[in-house]
Every structure is written in C-alpha cells, then in structure tokens.
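Listed below are the structures to be examined.
Across the two complexes that follow, subunit A remains constant while its partner is subunit B and subsequently subunit C.
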Partner chain A sequence: MTETPIFDEMWGRDQTLRQPYASFNSWLETEDTARLRAKQREAEELFRLSGITFNVYGRAEAEERLIPFDIIPRIISGREWQRLTRGIEQRVRAINAFLHDIYHRQEIVRAGRLPAEMIARNEAFLPQMIGVTPPGGIYTHIVGIDLVRTGDDEFFVLEDNARTPSGVSYMLENRETMLQMFPELFSRNRVQPVQNYPRDLCTSLMACAPDMQRANPAVAVLTPGIYNSAYFEHAFLADQMGVELVEGHDLRVVDGRVAMRTTEGYKAIDVLYRRVDDDFLDPLNFNPESALGVPGIMDVYRAGGITIANAPGTGIADDKAIYSYMPDIVEFYTGEKAILKNVPTWRCSDPDSLAYVLDNLSDLVVKEVHGSGGYGMLIGPTATKKELREFAKKLKARPGNYIAQPTLSLSTVPIFTNKGLAPRHVDLRPFVLMSPGGINVTPGGLTRVALKKGSLVVNSSQGGGTKDTWVLED
Partner chain B sequence: MRLSIKHATRYRFDTPLTYGLQQLRKTPKSSNGQHVLDWVTRIEGGKREVSFEDHHNNVVELISFDRGTTELEVVSEGLVTIDDTSGIVGPHRGPAPLWLYARPTDRTRVGPATRKLLRGIDGDSDLARLHALSAAISEAVVYLVGASEATWTAEDALNAGEGVCQDHTHVFLACARELGFPARYVSGYLLMDGQVRQDAMHAWGEAHVEGLGWVGFDASNGISPDARYVRVATGLDYADAAPVTGLQVGGHGEALRVDIAVQQQ
Partner chain C sequence: MLGKTANGLFWMYRYLERAENTSRLIETGQRIALTRLGDGDEEWESVLQTAGMASGFHAHNEELGKDAAIDWMLRARENPSAVRSTIGAARQNARLVRTALTGEVWEAMNRAYMGSEERLARRVSERDLPRVLGLVRQGTALVRGATLGTMLRNDMYDFARLGTFLERADNTARILDVKYYVLLPGMSAVGSSIDNVQWETILRSVSARGGFRMEYGGAVEPRNIAQFLILDKRMPRSLAFCAVKLRDNLGYLASNYGTRPQSLEMADALVRRLLTHDIEAVFDFGLHEYIEEVIGALGTLGRQIEIDFRFYE
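The block that comes next holds the complex of A and B.
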C-alpha cells in the first residue's frame, strides 16, 4: 500500500506551486534568508512588546508565555473562501436554530433525529434557559468553527466553539505585525482585510440589544480578571471596540437593569460580551462560590433587561457527542445537506463503537466529550503502549465521556525555520458574528500551526504557534 | 375552598446592610383546581428589581435591599380558591420537558439508605407503589421540627431517621425518580386544623403517573394534597422552589421573623 502524500497548501501533493501562493512565492524567491531570519526575530519582539501572552495550564514555571508567531502567511483564494463561507454560515445558522429548539419545543427530539438522552443527560444543558428567547433570537453572537483541510477541496469541521471562542486577538495582531514588517507584500497581494473585526463585533452586538429602539446601546466586555488566560484578549477587544472592560464587582442590578459603576453613578449596560463561563456568571443563580459574576444578572436577563453574549447554555452545541449529530442538525434546521463535512465520529457510549475504538485505539484520536484546549485527549498513533493501556482503562470506566475519530492527514503550510522553509500541520478557526441583521464571517481567521515536525496538535496550550491567514480578492 | 394567606418575613440587622438581593418564589400559581384570585407583595426597606416566570412556571421576583438599611420586610398576601382533586394536578405543561424531572439533583441523589428503603416498596399499580413509598418515608424519617439542616440530602435524612417536610420530600423525589417516575418538589401553604399562625411553609412531592399526570404525595401527613393545600413553587428540589434565595454584603447580627397565617374565608 502506498501512502498518499500529505497535502501542502503551498506545494500541493506533488511539489507543484498552488495558485494562491504564486505571487507570494515570487517575492519569497527574491528574499534573502538572513533578512527573513531577522524579520522573524523582529516579529517575536513586536509580540513581546504588545504584551500578547497566553497562560498555560499545568506549567507552574511559566505563568505567561508568548505564542510563537510564524512569518510565512497561510494563503486561501477568494474562490476557496467563498465556498467555505457558505458552509460556515449554514452551520452557524443551524447551531442557533438548534439552541432555540432544545430550549423550547425540542422538535428535533420529537422528530426522532436526536435521542432525548443526548440533551437530557448532557451536563452542558442549562435548565435555566428553558423557555427563554434571547433578544433578537440570537444565542451564538460569536462563533469559532475549527476547520481542518486534507486536500484541495476537502475541509472538515473539527469542532464548533459556540461557548466563548477565543483567539481573535491573535488574528488581528498577526495581521498588524505582517503589515508592519512586510508592507510590500500587501501591495503585491490583494488580501481581504480583517481589521474591521472589532467594529463589526461592536455593531453586531449593538444590533442584539434588548430594546431595539434605544439609540446607542451600551456594550461592555466582562472579564474574569487578569489571571484569566485570555485577559489580554478581553482588554484588547474592549479597547478596540471603544467600550468598557468590566469585572463582576463593577456591575450590579440597579433599577431592574445591570449597571456599571462610573464616576457619575450607575450606567445601565444593554449588551454584555461576557468572557466568564456560565457557571460563574451569577452566584445567585449558579455557582454560589463565584466571585467573578454578577448576582441577579440571570434574573434581569430572563426579564428581558440585558443581552448576554453568547447566551448562557450555548455550550451544549460545543459538546463533542452533539457534534457527531451535526450533519443531521444542519439538515433538520436548514432543509439542506451540510456543506461542510464532519469528521467521522464514534460515540463510545455505544457498546459497538466502544469495542471498535478499543480494538483500534492506536489509530484513533480520542477526546473528552466536554473537553477543550487539547487537554485529556489521546492521539493513538503517537501514544506509547503504556499510555494506550491507561487510556483504555479510562475509556472502559466512563465510555460516555469520550468520542473517537480517525487521525486525519491535516494539510501543511510551510513555516520559517533556521534551515529554511519546512511544512507543518495547521488548522483554521474562522470567526463568525451573528445578529438579527445577518451572519458575518471575517475573511481569514486564526491559523494554528503545530511547530513540531510531524505533530498534529496545534493547540497553543500544547506548544502550537500561529500564522497570519490571508484570503485573497480574486 | 377559599383560603386567605398572609406571609410576612422580617429581617433585622445590627449593622447596616451594604448590598443585598433576594430571589422570591412566594406567589401561588394558578393550576388545575387552584385559582389565585388576588395576590400582592409589599416590600419595605427594599424594592422589586424585576419579575419573571421561570422554567417551572414559578413567578420569581428579584428584590434588592435599600443601601444602609437595617430592616427588610416582605409581606405577600392574597386569596386562593382550591378544589379537592384528590391530589391530581393533571397533565404536564411546559416549557420544561417532562424528562427534566427525571434528573437526580445533589439533594436527591440515590444512595445506600434510599436503596434500602426502596427494597420494601411494593404495589400492583403506580399509585399503590407511590402511596406505599409515601407511607414508608413517614415511618423511616420521623417528623421533628428542628431536627434537620436546610442543606440536608435525602440520604442525610434517611440516615438520621428524622427531619421535616423538606426532608420527606427529598426522600420521596429520590425514590420516585429511581422507580422511574418524573418527580418534583412543591413548596406551598397548608391550612391546618385549629391553627392559623404558622412559622414555615409546607412542602410535598409530586410524581408524574401515566394516564393521570402529576399527582401529589405529602409524606409528612400521609395523604395526597386536598383542598387545604396551596401550590406556590415547584422545582427539581428545594433549591429550585425555595421561597427565598438571598445574597448579602454587610448587615451583621441578622434576626429573622417569619409569620404565616392561613385561614379559611
């Protein structure tokens, strides 16, 4: 059996330069390696100065760490992007409709397209959202759809992030850095802009305000505080949107609204872009130990006095067992076949699937149903025998907690190394904004790259880096 | 039967309160056989912020304490008429799906003591089994005011062998769900013989039985609710249906006085 060579987004499978990279490559050929090396160092310095860092869990020695940035852009043609956008829009529309349905009549369960226990036994299902319709009917104001590519026309959705997708600040900073360092590249290539994202985010959030009549709805970003791994992003987005960055103790219920303490008294907030998890959002209604939230905010929300973005209870759409039903979910709510493919997924709660997964563990990727960030997952092909044995034990003990997928041969994009360009595996997280006015997909997104040769794990918490992502005007 | 109800709660603090919120579930709900003719909530030392109907169809009021207050008084009162439906509340109505009531909660988790109690439960119909359960609970957990803590679970109450209506209800919910019935907690008022003043609300359980819908069981009194029972709030356990859930900053030396009066008109 001959293995198909891995698809490289610059050089294809057969070392033929792909069209989207043509102009970039001709520039690259004239560039001096020493100058590029200097540029790479300069880029790293820029990131250090901008303060963009990431906290890594489970690494006591380094509380804050720089996510490595690679100067070689990932380039997608306008035509490729258009097709992706259609698929992303369809999927996001379906996810929003799904959330409305499961918190209302649960037609999808009544129709027999989703087993009731997928919701009934789901820890991410939030009973307090039953019967609640958020302002404008929007649950998922901001979505990140993680995509991987395996060929020219082959994209798969790896996971949906409808809870609190992060990473958009990297998308913006990466572009900013590239514009500063290689302005000539942007005059040679017509790259679609991503810089409008903060303005679009603000407009989109304002369009979701509870009272559509109010002229200038007040938006604020709620952060858990400086110890949160994404604090930089919270501060960055608030700054870019020109809105207040607040913590739980800055807000309280005043006159039936959630209001922010200011020097001139309390000022009501219409839309709260919260980067605090559901459980910590309101100590009166959820975890009473939480000091990060706002007591009573859920009451105000249920009475229609504030928009919370994303809506509480959206995390169920990120659930990896629900993910396996996504093709059905898309079809059920849109009446169309899903444009974007799902990775085939075995639900270990099913005894036959579990048996298959245990028999083929060394070929599969196994993930926790509620996990994220690459924590607690097993990558069969690179795991040691001992790791496989131990994981099999965990699987047998709590099969319902896991799903398994085949290892995909993720596409590669070159990175700049000391020895020149070298291919590394990548994924892509486009950012999607949703409001009653429509769906807006920012052209580009966050490309994460596994910096270790051959590695398939792109998570920044597991040593991944990022790249600027270009979508060309065709 | 026509009942007039007055429920007054007074908090007094030695030092002024900096900030405080209370979530109230004190308004009786209209349902099969129960009609709320008139109901008002008056607040002194605080004010109503918002009000909404939650996923169990409970009327919820969020109130805030006035800044620096040393006293808060909440008085709710009104008139309710009730028919005797032999404890049958009838078909389930949303928005919460019926399966939600099959979910165990922290307070109603099944453990060794619950399983032991369940082994003795028998009966040739759903109703017979649930009545047998209700009777077994009042035997296993002796009603004793002040015996239990508000945070007790069903297992705690069974292990202690004593408790109040809240504990009876939690044991009922744990067991009924284990037997396969969706079940819910009901907090409410009860007209007592020859006694108008009471110092606490009552609680009982409801199980969903095929063909009948929701049916109430009051293990503390060994009967199914009749026209003397006023349903106020429902939920998966006490936490969902509690008349008051609060949070406050400052206000030390709290003294609480509850006055409940239930009488026939």
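The block that comes next holds the complex of A and C.
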C-alpha cells in the first residue's frame, strides 16, 4: 500500500492552512490555552445541565452519559457544501423512488439492475407495505446520510440512514453551546444557521399529512420511552416543534384514526414522527410482544388515516447489501450518474467476493448487513490474529450477513487536548428533510470524531465525540 | 395535553414538595435533639411518624437512633420518600414531561438533582447537615422560582400546582395528626417546657415560626397554632390555604376545558368544610377526628383527579 499522508481538513496533506479555516486560525493563534481549557470544561457543564445525555445499552437502566464535545469546529466552505447538497438531494430522491418501486411494480428488478432475491429474501422488506402508497408519496421524510472524506474533493457515502436517523439534537445543541461560549467567532465567520431545523421539520411533516385540506394537522413524536438511548432527542425535538411526545400506551385506534389520550379525552393524530422500529410499531401486524407500539396502527395507515414518518419498510433502503447497488439505483431512477461516490463494497453472499474477502481480511472492514452503532464489525488492520480467525468462521457460516469494504484513510480535524491541538478522524451526518414540497438539507450536520488517537470508530457508544459543524457563506 | 403529561407534572411537583417537607422535618428533629429538651430518640420516632416513614424505618433498622433516622429520611435508597429518592423521582418525572417544562425549569430541576446526588452520595456528618439541607432546599426552591417565573399559566401549570398543594396539605395534616394531642385545650394550662418544645416542633416543621410571631406575638397558645395551621387563609402551608388553591386550580381547568369535573366538586366541598367553621367548632367536633377526615378527603380528591384527567387510562 502506498503511504500518502492523511488529509487534514484544517492543514491539508502538507501542513498548508486550508481556506475555510483561515479566519478561525487567526483567532485561535491569539487564544491562550488555559482559557480554551476552561472553555472546554464550561462546555461540559452546559451539556450536563441541559441534560443532553444518552443511555448506554447493556448497562444499568438509569445510567445517563454525556457524549464528549470538542470545542474546535469542523469547517466546510459554501462551495464544498453546495456540491455535497446536490449529491445528497439526488441520492435521497433516488432512495424514495426506489422504495416506491420495490413496494409496487419492482421495475428495477424487471430491468435486471437488482437481483430479485435482494428484495424477496431481505429481512427489512415489509410485505405489509406492498401496494401501499404513503401520503404524498413520501417514504423517507427524514434521512441522515453518513459521509466520510478522504481528500479535497473526495467524499464517500458510508451509509444511508433511512429508518430513524438520530443525532440531530446534538447538531443543534452543539451549535447552541458554541454560540454561548464563543460569540466572537460567529461575528468573524459567516456561519450558515442550523437553528431552523425544528421548524423545518415540523413544516415538512405537516406537509405530508394524509388530508391536505385540514388546517394545522396534529403532529406527534412517538418514543419508546425514557429508557431509550435517544430519549433526550425525542423529547428535545417534540419540545422544539411544540408537539406532543407520546408513547405507545398513550395511543389507541378510535373511530378509524390513531388518537392520543389527553386530559380532555382522545384526540386524533395526523402525522406520527415515530422513533420506534418497524417491528415494534404494531403488535397486531408485526411483533406481537411489542409494548411500544399501537395495536392496529398499520390498518389505519393502509387506509390512509395517518402519516407515519418514516414510512414502515424504509429499512430496506439503508440495508448494507442494498447499499452496494446504490450507484445503479441512483442512475436507474434519476437518469444521472451518482454525484456522491459509494465506498467499494464486496457482498459476501457472492462466492467470488467472499473468497477475496477471506484472503484479504486483515486489510478490510467487515460489517453486518443489518448492524448499526459500530457493533458486530471487524476492522481488519487493527484486529488480532485470533479475532481475524474467529471472524472468518462467522463469515463462512453466514456469508449473506456481511459486506466488506476497504479501510479508507478518513480525513482528520484537530481536537483540543491537554497537549494542544491534535488530529483525529471524523465523519459527517447531514440531515435531510423530504416532503411533497421538496428536499431540504440543513447546512451543517453531526460531525462525529474518534477521540482516541488513530482510531476510526466514531460511534458515541464506543468512545466517539462530536463537534459543531460549520458551513460558511462564501 | 396528554393525560400522561398531566400525571408527570402532578407527581414531579408532589415529589419536589415532599423533598422540601422531609428536609424541613429532619431539620426540626435535629434542632430539638440539640436543645436536649426533647425525649432523645423518642422524638425521632415521632418525626419518622410525621414523615410517614416509621414502619419502613423499622423494617430496615434494628434500633432507633438519631444517625440512623436522619440517614433513612435523607438518603436511604430503600426509602422511596427519602429526600434523595424524591428529588430523583421528581427529576424522572421531569424527564417524562420534558416537553411541558420551560428550559429554565428543566435546568433548575436538573441542577437540583445533580446537587442532591453529589451531596447525598455519602453519609452526611452532623456538622455538614444544616448546610446540606439548606442547599437541597435551595435547589428545589430554584425549580419553584423558575416555575413561577417562566411557565405559561395554562393547564400544565394547573397540574403542577395541584401536585404541590395536595402534597403540602397532606404534609401539614399529617404533622397535625401526629401532634394533635399537644394542641388540645386543657392539656396544659401553662406551657411546660416539654409543651413548648412540642409547639415549636410543629411550627418549625411547617416553617411557620416567623409568620406565627407576626400574627400572634411571642405568646404561644396551642389554640392559636391550630387556628393558624388549619384555618388561616394567608399562611401558605395551612390546610385552608392549600384547599383554596386546589379548588382554584381545578376551577381554572374546568373553565379551560368547559367541563365540571367531580374533583372540583370535592375540592369545593373540602374548602367549604374547612372555611366555614371556626376553630372552636373544630375542637367541638374533635381535633383528631377532624384531621382524619381531612386526610381522607385529600386522598379521595387525589384519586378523583387521576380519573377526571385521564392520568392512566
């Protein structure tokens, strides 16, 4: 392998300050480390007070933890962002068209661009959605596209999150914290605002209501409850939108509508932004054990009585095996080449690919098709011999369950450490809203950063932190 | 608003009020132990009873002692009414109803919780006790202050107030229930030193010494204490005051929702019964029987509020 230096978003490959960071750097040079250290502590205090926490699965139920926040912003120029936005819009439009197609005529399969078994044998495919068209034809109301960067103009899509992408509350709180701590930075840099997100989300959801005639459709956020790892975010979004935060036991089907139990009796809901997985949505139609869902909601949905965001069955679009077909999918539905690149992916279900993956395991990243949160994956270059051997066994036992990708040399952005600034690997999750009115990409997103030196794992559950993400007005 | 949210607000403020009341009781108990006028450990038994924690205490502790009693009331995990548990429960409810609270109320609640967890993580020494109790109450007072200063006066606020005053009325009634005998006329024509301690205990445990002095001067008459704690409409912890607040807030809810819930009728009946009598009539009826009846009525009222506003179903 050729050893090119890693691309740093502030200092490039050759220690030359990149333009988007110019103004920030001149400010930084005049800052004294002790003050920054105090600011870093202040930031933690602000987060603790606002209660922005996540629960860690597999630990004591009540344990709440803070996601570490780093005070050095990640800065993207307006020009870079414009190009990303075009790519994201194209991709989201294609995903939505793809979902409509596979739950209706499956033209893409008929055209021979996607093998039929990719759908028929896919666990994320929901037969209950066949022939159902959601209100406004929108499947993916809220999408988070995970991007990584490897060079000046090289962005790759790592993952499409089309089920219930989380993290948007961190995007908003990170900005809020930076505004409070470093107001002067925002007077010297023209940073595009992210604060409109909750309003945009609410408007976008309302525009997807089943009955377009009804003024002020009732929106509610459905949460699994206070022990869910993202409960804070659910409450945060409901609060910011000024809508009710409901749990399954607050809801029931009344007169063909889904209604919530209020102090004045049951009140119908038009749009449900659900943060509950498909499987738990309706014990009558899916998992009968689910106590988180609403019995009969799928019947109301199919009859057009409620909008569920995102639509049930969208999981098939962010499935990691489908991911490898995304360039084809984009081309098939938009008639254009995909603007955003995919990371080359080997589908282990294919015998030749499996053989290659097994031979090159120590150079690859192997992921579960339905996994998330960085669990159940193998990072070849950092794995021990024993881990490699054990993973090879798992691969051979269930090849269809895995995909493999080369290890990308992810870009870095400096973080603030006790010893000054130090580069760490990052990724980026921009947030996208879709309604019949169009697609809206919030300028910014969630930057996750691997706080450990050299680490590529940015997941909050495994020692990752976050940064404020700036998109500048050019 | 959701029935669940109404429930969460109601209990968040009940628990906050309970945390304050319990911390006040601990302070009173400690104060009396220090003046050595009380009956030593016996006094703690009565404090535990007033707090409704005596049976729980004895189930978990072999012997009654000052340190054990304080620890039980302050921070025992096994005691759901301990100060630390109730602040935790208040905050848990606050998380549940996060969308109904202003940012300032939520942050004040979170701060109170973090402070309590930090200060009550270990046994509190006698030396630190007054400061710790002060800080705990300061924390809950900030939540109340933020509530008064920033919350919209809508149905959410009404449920917060219902929780506050139901708990407070219950607390005052329980103090009277345990101590009623020292207020009975003729028990001691001239206050013995023991009586003085008992009277002071009662006044302290509802933070009423200052108010009482303003109203009645320095002379402590048991009849006046009963009048003050039961019927005085300006004393914010009296039964009459709390009952009027309960009726008012239920009245706001009723006009807001355009209904006349049964709980409003009950609160109204409670007010009329508490306010139309004078203290002599209360003594004629029998102080103890009267208090028992009030406690019963408060319990029924609480259950009716749950039903009227669909807290659970």
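Rule of thumb we're sticking to: the second predicted complex is superposed on the first by the 467 of 474 C-alpha atoms of A that agree within 3 Å, B and C clash if a C-alpha of one lies under 4 Å from a C-alpha of the other, contacts with A are read in each partner's own complex, and residues count from 1 in each chain.
To be clear about the criterion, a residue touches a chain if its C-beta (ideal position, glycine included) is under 8 Å from a C-beta of that chain, and two chains touch if they have at least 3 such contacts.
Here the structure is a predicted model, which means the values were calculated and not measured.
By the touch criterion defined above, A:Ile226 reaches subunit C but does not reach subunit B. Once the two complexes are laid over each other on the shared chain, residue contacts for A:Ala235 go to subunit C alone; subunit B is not touched.
Of the two partner chains placed by the overlay, only subunit B lies in contact with A:Pro283; subunit C stays clear of it.
By the document's definition of touching, neither partner reaches A:Ile95: not subunit B, not subunit C. By the touch criterion stated above, A:Gly305 is placed in contact with subunit B alone, subunit C being left untouched.
Once chain A of one complex is fitted onto chain A of the other, the partner contacts of A:Thr262 are limited to subunit C, with no touch recorded for subunit B.
In the superposition on chain A, contact of A:Gly296 is made with subunit B only, not with subunit C. Shared interface residues of subunit A (contacting subunit B in one complex, subunit C in the other): none. For subunit A in complex with subunit B, the touching residues are 104-106, 116, 120, 127-132, 252-253, 255-256, 283-285, 288, 295-296, 299-300, 302-305.
Residues of subunit C touching subunit A in their complex: 1-6, 92, 95-96, 98-99, 103, 106-107, 110-111, 114, 155, 159, 253, 257, 259, 309-310, 313.
Those residues of subunit A lying in contact with subunit C across their complex are 48-51, 226, 231, 235-236, 238-239, 243-247, 249-250, 260-265. Considering their complex, residues 19, 21, 23, 49-52, 54-55, 60, 62, 64, 94-97, 99-100, 102-103, 236, 245, 247 of subunit B touch subunit A.
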